[in-house]
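Next, two complexes with chain A in common: one pairs it with chain B, the other with chain C.
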Partner chain A sequence: MSSRMSSSLKSSTAFVVGLLLTMHGFFVVTFLVANAPLEKTMGIVQKIFYFHVPCAWLLMLSTFVCAGGSLAYLFRGSERGDRLALCSAELGVLFGLCVMVTGPLWARAAWGVFWTWDVRLTSSLLLWLMLIAYGLARRYGGEGGRRLAAAMALFAAADVPLVYLSVNVWRTLHPTTKVVSSLAPGMRLPFFLSLAIFSALWGVLLTLRMRVERAHARLVELTIAVEDAEGRSP
Partner chain B sequence: MTYVALAYGFIWGAVFTYIALIGRRVARIDAEIEDLRQRVKPSA
Partner chain C sequence: MARPNWASQAARVAWKDLHIEGRSREVLYTMGFMAALVVLVFSFAFISGQEVTVGPDAVAGILWVAVLFSGTVALSRIFDRERESEAIRSLLLSPVPRSAIYAGKLAATAVIMFLVELLLTPLLAALFSAAIGPHALWLGLLLFLGTVGFCSVGVIFSAALLRARSRDALLGALLFPIVIPVLLAASRATATLLDPAAPDLDPAMFWTRFLVALDVVFVVVGLWSFEPVVMGE
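Showing the complex of A and B:
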């Protein structure tokens, strides 16, 4: 039984291949981005956009997946949903961190400051912090920590439309959502390819992380079973 | 150019660090499986 678990962890060849293909995609995207036309006003710093926007998209996607898994856990007691929520929240924190670092780098060059309390920036920071709080609630929340975290995930998901629409509803410094549809033809391919590669990487990491979490859950079950058996034996 | 390189480098660094952390978790689970196997062995 344990050898089956161990082999399931070791049989990650498909993931290694998936990861390598994704990494290869990153090199292709890097090449395309390097050769994409320069934006007239911002110049080379605009190229951060090709990585910043996909990371922001994955932050939002991770939050929605986390909320979906949390709903399944809260209303149907689904352990799988709970694991999905945990793994996607972790990825949300990862890609959110990338957003929080790449955004200010772009802002410093475009606006002259690393940070401003703009509604888009503030709501994005809030979303990222909520995902971190989700992880902390699970880790240190004790008995009801998982349920508390699941409820927090629903709040985080409610923040996503606010993050997305904020630039269209309020007057902000941040570019609006129309910036993608108004991209110059030479910028579209690198952008959408980058979006696809980042999404593929997210899928590979989520699947890998889910496998590890499933193996851990199985290990906990087996350890309890062994301890029970040892307790019963004379 | 520096900002672009910093942004791109940071993303790569973050992703690789995350993959390394997953690798560490896998190693820990493997070690625990081995412990469990050793415990089960005498009674098997």
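Showing the complex of A and C:
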């Protein structure tokens, strides 16, 4: 019991530290991003980059965490894995939405169009659609919905490199850019800090959402226990 | 009596489904009709005036969209039969490895879909004056590989959706995002083969190899995950 308490205390401490870090980080990063040097050709529009790329990274991370959780649920029956998969898929949909909103805004300013079938855009879109499909399977899949969604997550993770490769060859005409490695020195600190803060936010949100799911599972258990007890002694 | 090996067990599951289908021909007819309708709908949408030819890109796209849409019908119907009289329970209780059941279902669905495609492709060639003659065998191989890729994912989802109320609506919604690379590879390769002006067939070769790799990945994930996915049935 005491080890359980100490581990929950440890996770609470980590959660509070993460929360404080995220809260402070957003002020610091906003300040740094505002003061970062302006990009020569795109100007102020390039600042979207500091939010767009971390969101895209979290979309990717969510997919793989979702697949990891699904794997644990499918093959070891881990309820925790199932909750982790659900919560990270939801966060993936959320951060994917940020990618899908900030991406076209940036594209419109940089390329003059809202959408091009660029490899990164297209594969992010497909990844996002898979996570939405995961949510649909979970919610409307009936009795086998959880297992169905877990299978969906496994196929999605196996699909990621295939999607990237196929779209890349499909659109070979489009120039591939290496944005991050060509960042100006003044932009690096705000970018990597922004990446870290966004990841911390993801961790905080995931912890919160997992707690809600755990409480929900416990509530269902208790309700069933109460109904059983009432059924036995009318 | 010696227990039959894995391959013959899988073949028996496939044979059972094909035997039932051979009697009723329900999936074959409904899927074939659906596929022909999809092609016709595209014809009405794309063709205007006296001009009856559309580019090889569009013909390849129409063919594969028809295969995917009609394939969804076949997938949901193949597992619908298992729901009648709780046949799925007997199938899962039989001393056959789950992976053999998966392989059998995959083979049966792919064979039925492939038969429909063999009729659909000449129809498409006739309607759009597409040259399927020069690379007929290669085209057949592409249809086979694309169908296996599609079914390997579809069988898993269809099995898991057996008891869901919104089964038909969900199957397509879950399946299509995953099989986009199959559609992409198959339609690109088909477009190259159908294009008489294509300078070389290198893209078709690349996409055919890519389809093989895709099939291997999907079938391995399918064989591996079928057992836990249907465990609660």
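Observations on the model:
We take it that the second predicted complex is superposed on the first by the 194 of 234 C-alpha atoms of A that agree within 3 Å, B and C clash if a C-alpha of one lies under 4 Å from a C-alpha of the other, contacts with A are read in each partner's own complex, and residues count from 1 in each chain.
Please note the rule applied: a contact is a pair of C-beta atoms (placed from the backbone, for glycine too) under 8 Å apart; a residue touches a chain by one contact, two chains touch by 3 or more.
In this text the structure is predicted, and so the values were computed from the model without any measurement.
With both structures placed on the common chain, the touch criterion links A:108 to chain B but leaves chain C unconnected. In the overlay built on the shared chain, the residue A:45 is in contact with chain B alone; chain C does not reach it.
Contact with chain B, but none with chain C, is seen for A:97 once the two complexes are overlaid on the shared chain. In the superposition on chain A, contact is made by A:201 with chain B only, not with chain C.
Within the complex formed with chain B, the residues of chain A that make contact are 2-3, 5-6, 9, 19, 26, 30, 44-45, 47-48, 51-52, 55, 94, 97-98, 101-102, 105-106, 108-109, 201, 205, 208-209, 212, 215-216, 219, 222-223, 226, 229-230, 233.
Those residues of chain A whose C-beta lies close enough to touch chain C in the complex are 74-75, 126, 129-130, 133, 136-137, 140-145, 147-148, 150-152, 154-156, 158-159, 162-163, 165-167, 169-170. Within the complex formed with chain A, the residues of chain B that make contact are 1, 3-4, 6-8, 10-12, 14-15, 18-19, 22, 25-26, 29-30, 32-33, 36-37, 39-40, 43.
Per the touch definition, chain C reaches chain A in the complex via residues 153, 156-157, 160-167, 169-170, 173-174, 177-178, 180-181, 184-185, 188, 206, 210, 213-214, 217-218, 221, 225, 228-233.
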